[in-house]
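Next come the structures, one after another.
One chain, subunit A, links the two complexes that follow: it is found with subunit B in the first and with subunit C in the second.
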Partner chain A sequence: MSIRKELEAKLIARLRDDVVCVEKTDERTIYIDVKRAGFREASQIITASGARYLCSIGYDNIERDGTLAMVHTYALDDSNRFVCCRASAPVDDPVLESITPDLPSAGWSEREVTDLLGLRFAGHPKPKKLVLADDWPEGIYPLRKEVPHDFVPQGAEDVAYQLDEAPPGTKIVPVGPFHPSLHEPEHFAVYVDGETIKGCDYRGFMTHRGIEKLCQTQVSYNEVPFIAERICGICGSVHATAFSQAVESAAGLIIPRRAEFIRTMMLEIERIHSNLLWLGVAGHLIGFDTVFMQAWRVREQIMWLCERLTGNRKTYGMILVGGVRRDITPDIAEDILNVVKKIEDELTVIYRAIEKDTSIHKRTKGVGTITRQQAIDWNLIGPVARARGVDIDARRDHPYAAYDEMKFEVPVLDGCDVWSTLVVRVVETFEAIKIIRQCLDKMPGGEIFVEMKDKIPAQRHAITVVEAPRGESVHYVVTGEDNRPERWRVRAPTFTNLQAVPLMLLDEQFGDFPIIMGSIDPCFSCTDRVAVVDLQTGKSSSISKAELDVMSRKRLQGNQLQQVQK
Partner chain B sequence: MWITSKIKQLLMVMKPGVVTLDYPNERPPVPANLRGQPVFDHQKCIGCGGCSDHCPARCILVRDVCQELRVMLYDGSRCTYCGRCADICPEKAITMSNSFEIACDQKEDITTRMELFMMTCQRCGRCYEMEKTNAIDRINLKGFRYDNLEQRALVRKTSETFDPALLKESDNYQRPSDKE
Partner chain C sequence: MSQFTEIAIGIAQVFGNLLLFLVIAPFLDGVVRRVMARVQSRQGPPLAQSYYDVLKLLGKENIDSAGILPFRLAPLVAFASILCVIAILPVAGRATALTPYADAISLVYLLTLGGVAVLLGAFASKNIYALIGASREMTTMIMVEPILFMVLLLGVLKTGSLDLTAVIYGTPMAAFGVPGVVMIAVSLFGLQAFVARQPFDIAEAEQELLGGPFIEYSGPNYALFKYYMMLKQMFYAYLPIAMFVPLLGSGFYLVDLALQMVLTVVVFLLIGLLSATHPRYRIDQAIRYFGVLFVIALAAIGAAVIF
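On to the complex of A and B.
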């Protein structure tokens, strides 16, 4: 029995009339439409059949049938299938049942939809604001079509986000509004008891730029990849590729094989870049600047290579819907081989130098631990999950571009800590080099771009998953009129991994906060100011980044001291 | 183990030595196909507007002052150097130069303005330049049309330090909500 039939049978057995239809749109996507009464139960049935939750997408259907719709998406990793479960609620009674009690990682997706579309979720454990600014006026939902893309409401004073109550006996250490080392805005309130972290609350989305809204209202399909690339300065090609693949899959466009190979290569070059960058940052976060300097020295070569290859150090601008923009000439192919060879050698030297360094072990082993089961429950992805024994990798499980022809290992470790994450990412860099060599080896000739001849039909749904260096990115596109998507949802890997950070921080030392945060390679930055509020006296003082670094380094020196004494 | 690691680390650092360039005294060569600042050739441009239609940053603005005069304005302050305009241009009037050190205080310094004399087609009334072949139809105008120079007023002004006057002035900004 096919997977679709099996699912349909299970759903109908439990939900009966609530199932509207179960259909397969392409080789690997199964769409299930249910009435809203059966939404949560359908989700339970789907997850019970082994599917892994990805994310949820809300969209505005008011013009068509007066409803707000919601899609939960899942992946069946063993059989390379995606399951999308849709339901809708009328706009005058916009309530659906929450699935967060079953799937904790759905929490943010649902809160985001509540903020942006005004769809509410009954039974959500934490229905607070997530994305919108604190002074955003009530009753205006920016992703609804009636709200213009450049709408700027009047600001308001004296509104602040209410952080969660601190557990009794703890003190609050706010970290933010900038992250102490990644230079991106974020705000954590960390509840500490002495030096031990007892919990935390997160307030972020301060750089929410409304990219999705912009692309849904202003630009056309072939300009979105350039904007998608700027979602993230590091995994630009990932987002551009994912968007292009989603549109291609909705339009039924087959792109030339050579273009797929070039895309694969760009993604792997980006992975090398990202992993080296992260290795440096991780070294810096634990006060080990030698690693930082050396990893970034090695990384510089890949940036120069990309400048020769694509015309820019980052934001490569290589990917378009329908193919890629620049071809790989034999000269540049040789250049690539030389550079990756050099990187391979130099990274080996770095890895050898640090793999047995006990001072690094002390700072990273047994830090940020969560168990394999917790990692699965929270749907962790990418190297963070693979370091905790969860064997997932979208490149292997849901092959896209030319990955079906590539041979590579997926490193899985069960150390469950920051050190394992580090090892996974170093090993992945070597694997990426292997993939680049295979790409150049097997690259077929032919065109690199195919023109979109026909209009892309409206109201087609497509989902695609691309493995970014820090985890999988999910893109969901609903095609629309006027040559642009009607809804485009991007779920970056950090969106999922960040939700599990409170769990990773639990019972850790405050001095380890930066590296635990850093270990998921969050896509926002952490900078200078940490204010310490003493709950009892209400007095607040500030710790500068220098001081936090000193705290962080003291731990390192303490460790080294112990080491020497031993 | 700790000591051997440290020795390895020492070797790892010693071997490459100093790699930092003494920029700006010492400049690395710029690769041939760098995507630097786009340069417009008014001799070649036929004013088809293809570049403005496809620019993801919407920083090439077209405005027909009258039937015969079309102004093209390239606003470099918002350009993302993607090179899409150069790809699109049917007349190869745009080249991505290799200049990248273009930070400046005056926005005008990186703005290019072209005034193109257009002829009107006797049959359809559309504009094109007389002595060149008409490429309007070769370009598929699908995208969003941005032919309003005044839209630039929406680019917000900022000041170096907090300026109460500027804040006051911002009250008068046209907000899309109060257009209705």
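On to the complex of A and C.
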């Protein structure tokens, strides 16, 4: 019996009339439509059949049938399937039953939908504001179609986020919005008893740019990859690839094999960059700046390589819907091989030094410990999960691009602590180098881009996952009219992993806060969907701020002149 | 030599000491920074960078964020106490005019006063990071000061006197013995804690506490604290040299002094290397480390008393 039929039988046996339909849209996606009464139970049945919760997507369907819809998505890692469970609620009674009591990591997805669409969830354990600013007016839901993308409401004074109540006998240490161990504006209120952490509340999303809204209303499919790339300064290609794949899947577009190989290679180059960056930051967070400097010295070479490859040090702009922008010439291929060889050698030296350093062990072993079961309950992903014995990797479980042809190891450790995440990341960097070599070795010839000729029909749903250096990124696209997505949801890995950080922090020392926080390689920008700026210009002849101002003004005036002339 | 010239030389010695420490301490800090940079494959700041830092801070506005007297007084007390330490210190074996009025106990006393001033400023600032930093600093002081005291106590036992010149410079002459060798090891292992550098920069811990006790300080007040830290660092680096390396005894004071200063630079190179190759310890780990040092030092003192 196929997986779809099996699921259908189970659902109908329990929910009977509440099941509307169970269908398979493509090779690996199963859609289940249920009535709202059976929404939570359907979710329970799906997870009981071995599916892992990914994220939830809410969208505005008011114009069509006066409802707000919600999709919970799951992955069946053993059989490479995605399960999407849909239900909707009428806009005048926008309540669905919450699944957070069953799946704690659904907490933020539901709070986000409540903030942005006004769909409420009965039984949610912490129905507080998540995304919207504290002074955002009641009753305005920015992701609804009636709200324009550039809507700016009147600000309000004296509104502040109410922190969770501190456990008795504790003091509140504010970490953030600006703190050297965060790098981006976020606020943690850490409740400490002496030096021991007894709890923590999180208020983030301070730099929410509304990228999803922008792309749903202002631009076309072909432009979104470039905006998607700017969601994150570190895993840009991941988002661009994931979006492009979702659109290609919705359109039924098959892209050239060579393009898939180049995508794979860019993703792995990005992984090397990201893991070296993380290694440096981790060193810095435990006060070991030598690791920081040496890891970033090695990292610098990959940025130079990317500049030669794409013209940019980090935001590559390589991925398009339908393929990639630049080909890999034999010269460039040799350049890549040389650089990764050098990085492999130098990282080996650093890793050997770290591996035996007892003082690093002291700061990382047994720190930030959570059990394998807790990691599964909170749906942890990426190196954070793999360091806790959870064997998942989207590249292997849900192969995309050219990963089906690649041979690589997925390191899984059971140390359950920060040290294991470090080892997992270093080993993955070596694996990434292997994959790059295989890519260059096996790359077929041919085109690198295929144009999308037909119009994509509206109301098609597509889901893709791409394994970012931090864990899998989930992109969900609902196609729309006007050559742009009607709904595009980005679930960055930090969105999931960050929710479990309070659990990792519990009963740890305050001195370990930075490295525990850092061990998930938090990318708040992805979570908030806003770009980070690269830290270094890397050139001695960098432009001063004044010069830059003059340049931008000239440019701006030029544009205005052109507009006037038109 | 008349009594008058003796006093005049003694007073000149006081100012000489102060000048020596005030001028060289920032340079030595620069040495540490440069060594760390080289280990990290960086070019590093100029050797004079620490002078620039202090000068720049001195030219800035003094923000009195706590608005109470102890907050304003703390940097002055800290700076003054370390100056007192230097004024009574018999550098290169020559007592100053003030040395006879002090002994090994007042030395420890004055050093602790500086630490207490840092705590005072931190508590007065009422900043949560400063409070955590201060509580860490206090824990460290409680553990580390007795170790320092026992290093000096060995000198007291060896020479049978509390007089500073005898305690500090008498030890090498009175033959090390096993306790002496153990104490050299203890003071080397305690070095990073004395100078509050990695792995023991726990109270300041930039990534956790953003500078800890000093977070609310700025401008000249902060410059004083910085200068205080640099002077303290130089004192602690110089102490093992003075106590455990015999004076050259060339007959020329300046030659003796120059050799000791060169050795102090070597200690600073060591500080730099150790800082660059260690992560910061957590306070609980540091306490365990100090505990072991404390027991070893105590054993050495015991051995010195018995044998």
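Just so we're on the same page, the second predicted complex is superposed on the first by the 522 of 566 C-alpha atoms of A that agree within 3 Å, B and C clash if a C-alpha of one lies under 4 Å from a C-alpha of the other, contacts with A are read in each partner's own complex, and residues count from 1 in each chain.
The working rule: contacts are C-beta pairs under 8 Å (C-beta built on N, C-alpha and C of every residue); 3 or more make two chains touch, one makes a residue touch a chain.
Given the structure is predicted, the values throughout are model-derived calculations rather than measurements.
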{"item": "Combined model on subunit A where subunit B meets subunit C, clash or fit", "value": "fit"}
{"item": "First (subunit B), second (subunit C), both or neither touched by A:Val173", "value": "second"}
{"item": "Which superposed partner A:Pro514 touches (first subunit B, second subunit C, both, neither)", "value": "second"}
{"item": "Touching partner for A:Val474 - first (subunit B), second (subunit C), both, neither", "value": "neither"}
{"item": "Which superposed partner A:Asn312 touches (first subunit B, second subunit C, both, neither)", "value": "first"}
{"item": "Which of subunit B and subunit C A:Gln294 touches, first, second, both or neither", "value": "both"}
{"item": "First (subunit B), second (subunit C), both or neither touched by A:Ile463", "value": "neither"}
{"item": "First (subunit B), second (subunit C), both or neither touched by A:Cys200", "value": "neither"}
{"item": "Partner chain in contact with A:Gln218 - subunit B first, subunit C second, else both or neither", "value": "first"}
{"item": "Subunit B versus subunit C as contact partner of A:Thr358, first or second or both or neither", "value": "first"}
{"item": "After fitting on chain A: smallest Cα gap, subunit B-subunit C, Å", "value": "5"}
{"item": "Contact residues common to both interfaces of subunit A (with subunit B and with subunit C)", "value": "290, 293-294, 297, 359"}
{"item": "Subunit B residues touching subunit A - in the complex, by the definition given at the top", "value": "1-2, 4-6, 8-9, 11-13, 15-16, 19, 28, 31, 33-35, 54-56, 58, 80-84, 87, 96, 142-144, 154, 173, 175-177"}
{"item": "List of subunit A residues in touch with subunit C within their complex", "value": "171-174, 179-181, 192, 194-195, 283-294, 297, 359-360, 362-363, 509-514"}
{"item": "Complex contacts: residues of subunit A adjacent to subunit B", "value": "148, 150-153, 218-220, 222-223, 226-227, 230, 290, 293-294, 297, 300, 304, 307-308, 310-312, 315, 317, 325-326, 349-350, 352-354, 356-359, 483, 560, 563-564"}
{"item": "Subunit A-touching residues of subunit C, taken from the complex the two chains share", "value": "36, 39-42, 128-129, 132, 135, 198-199, 201-202, 205-208, 210, 276-285"}
